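Think of it as A, B and C in the order they're written, each chain with its own count starting at 1.
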């Protein structure tokens, strides 16, 4: 270990270099850095917490599931096979996890300036306690030590929840999920911390692979007649109730666009019948998803579930990667988004309600100042989700605050989402968000645009209170 | 008063925290802060200056007319009724102005980080002389004191023009307006300060509610035959002359898009006949507006009036608010804008003229570097208006300068517009613009990108000269 | 000379004013400022280097060929005739070069804050050794002294290549060019420095004026049957080989959009036959260009030439200027760009190849974070070109790095391109890029986002290594 270059993460990282700004940032950060983590939207595996087994090894935990990591390596010519990503045809892929880790270490310089490097550095230095640099030479040292630590009791999933000071962690499950792991958690106390989120894309998107099959399954599970429009809606309501029984306070919708519609009942019936038949156009599929967003908003108004909309991604852009390795392998690319025209039908129906909460996300940053901040600064039902996915990064978060605050203020935002399946990176991600918010607030204070006391209140709200309150069931929280 | 928290606006507000930058900013600002205010585009009420009555009370003056203020409150669940916004159906709304003021004060924290807060703080501290913070507790103290001051002679509208050092203030009137208040001003001397602007949307936009009725009225006023295309154009020319007699040097056009057209005379006649009939498509209405922009540019070339184009807003997005409270109630939302294709017909006809001045505004900041700066950096007839509406803010102005300067330079811009109906905020708004321009110039100086002497010239030009010269009638100013 | 105001370019120009950031910037810059210039994409005239004659005078060298310069002057009412820009009709234009230079000097203040001013200041101070300010008064002094220097042996084109420390300079020639100047350079040693680039727009774009004529010429030159699809493709392959013999390692494509297609062979044959006939729609022309990008990518995979795509410009927006003065006269305006949908066909066919290198450029900065960084951070074949044209400027380069680094990293970028025909500005342009990269890296170091040692490596890579490696023929460089 003495042979490796010393390495650490700096206590002032991400603060401005200016001493006045840095000093205010430090004070703000000191006041909120130890607040519990509220993680109301993410993709960790509930099985971890239900079964509470130790994680296997550094590569399986930190590399193979992280599409941020392997997309960068792939872009620089490293094959997905060599990183142990499973092929759908069962073809050979690297199975020596040490080799995979070495490959990552060798290419770690590619991540300079990326959030992946910042998160990984945080995990290595702060969670695993390393004080030297990860390079090709030190790869084995890291690999062995990480695996040793992962095997300890204090690194079991439930212990880590406590170690990370996680007050709430929402997972995300598909509309047909049996939620068996969440069921296992009942009565353990962990069920107060680990809750599910209702993501019905597979049962509301006619273009989601197996729609007809999914409708049949939906009918089977709920006992509702999913051949009729009303029966179908009732079935979705049943599923929502089931999810709420497993802690869900929110729904999530990953449509291609933010398009909404407000059709008549008979138009709905005809359209449902069409998409159910499997014989429908792209436009009809889009219109059905659009109508369903409005239907789901209506259900949220009834049952109080907070509605999250994550539009604007061209999924599986790389056909070859999709065919060989399946979905979520780094080939999702943002496209232009539009909210003003698209959201008008839904907002005209429900946007003035103070009993409904819809949280909008975007990957198209041009919509921040042009569309989202003006919409959220007007409609009572709307709130802005934090900088998302590719923008869940220091620069992305700064652009977000600089863009939306003047029109939407701070109180039409909902705190931070980590949106991650990389469990160990959760503290790192929340830490980045907290530091960047403190940095932004420090600049506002130093430029006499907000008072220092307002900044302390806001630092607390942005780090903790807003996330907690925004995702409370709107029916129970009043 | 001793019980309320002390509060003030800082003399260095909006300057960078860096001591070197701040020092240069201060010097630049000191050299221009006392220059007269030129306000060539806005929406104050000419009746104020014609009748010169005292303003009524804090709520009626500062809250109820300001859609920036009540849109934010509405977004956070405060009803428009409780803010005293009149319902179209005459339904009950709050009429106790003290209560409305208290409601605003209670929610004043929502405005942290917004320009509304910055302007209001300026009004309260700098114009009304408060030295304590506006909160729910201090609301009554503020309310009583403001009303007392508003009742004094030195707060009559004409006295305020002088107090604010306003050299020029352009109001905006519709194409059919009788301009009676401007007429009343004639001979008072104030008519040199308060002038009108010709905004003919109601007589050139077939989709503006009552188009047929407006054409009849236009014919009545001008005596022209508005059933014929040539008569209609003549009538518009008459109205322009009438507005010029009341001081107007500019026209203003708030079309949904920047689309222009250059049709043949017979196409124009057919299209006019169609839109006049009331039986037209959306596309025909859009084409008519497009043709009219080109016609109006031609008229500007003849009569020298400066042409302002403010496109890209989805008006009255919230149908419920429109139905209950009418237009301009915070429900206008920007949409994507396009200038390159849309402006081509007009620019190909008139863009090379050095006798025409067209000022473009946008709410879609993506057009700054992509479209507007390249267009303004080429066509002699084009100038760029300042950051507009949602972007009339510290961050918005900084983005504007950082985005457009390298391609359009400083001299293809036209100084600041406050574009406001909030009369008391005019000094605050110009002060923000001046501070931000000084801040931007200070950075350029400190990074050795412009010389200090150039920065002092530019500070003066951006604060005063460019606005004054850009809005001079191009026929009389040569 | 003693009468003119002293003027210089500051050694710390473009670095942040903050002393900590400036100090790190200086150290980084000192380590790379003397590296040779690699200029892999530009528009200098190969004749200069073949014939090695002295340049004529200040106006002919520095003003008349520079559309950045005369577009700004034109936007402010200076006629192109008065700047000596040749009219197509042979009409009179200013031919007194001293007068043209005086006109420029008089209006030099218009360029405050623009990259043109920064480059020109660099040329005047650093290359010509001036220590006073260029104004109307000093214009003659500058003019005479520049012409005197230009007449010296050390200012002959080949001597300047050495003086500027240019290791590589790629020119750009059309697909039908005979490359006679590059042929003349063979054996001089300069042919290792000055190479060509294959730009086949005139033989692949059916809407490029004289397409039928160009195809005939292509057939004549290559002896291939350009009436058949396969013969046409063979002819293009022949031209590529010819260009490679003259040093070319890259191709360049200036299509209106980034649209690509992947048609069947018979569809290609039919489409080729259609566009060859001259009787085709706009859509067919666009589809043909789209298919050709994919064909050209396939050829690059075979012959190793690096493919550059520069889409998104509305060429010759100003019809009057086009008619009177021809192309490239400052009337090209960027439009919205789209890469995700448009590039999908090509990327699905070839994007996973590690033997192909495609470099994308954009004038629509909204695509940086939304489309380009995510695409380049995934596809092995894709790299991002530097900030281009209107964005080849301090602010443009900063936006580029701040926008793309977090998602694409540094190693999916390719260093700097000067893309210029203004030979004397090449050192200035590379110096701006190097300073801005050092400034960006300095901020990353000071905020503890990358280590200091990483920053030194990156400064070298961004200034030299990446440009050199990215443009090596991918077949010969492995």
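FYI, a contact is a pair of C-beta atoms (placed from the backbone, for glycine too) under 8 Å apart; a residue touches a chain by one contact, two chains touch by 3 or more.
As the structure is a prediction and not an experimental result, all values here were calculated from the model.
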Practice task
Pick one for the touching-chains graph, please: line, ring, star, complete, other.
Solution key: complete
Fill in the blank from the handout: Cα superposition of chain A onto its copy chain B, rotation angle rounded to the nearest 5 degrees, comes out at 120
Fill in the blank from the handout: Across the interface between the identical copies chain A and chain C, with over half of residue numbers shared counting as same and under half as different, the residues used are different
Handout entry: Length of the line joining the C-alpha centres of chain A and chain C, rounded to whole Å
Key = 40
Fill in the blank from the handout: Residues of chain C that touch two or more other chains sit at 18, 366
Handout entry: chain C - residues contacting chain B, complex
Key = 7, 9-10, 12-18, 71-72, 74-77, 109-115, 118, 314, 317-321, 330-336, 363-366, 390-391, 393-396
Handout entry: Footprint of chain B on chain A - complex, ascending
Key = 18, 20-21, 338, 340-341, 344, 347-348, 351-352, 354, 366, 369-371, 373-380, 382, 402-403, 405-412, 443-444, 446-451, 454, 457-458
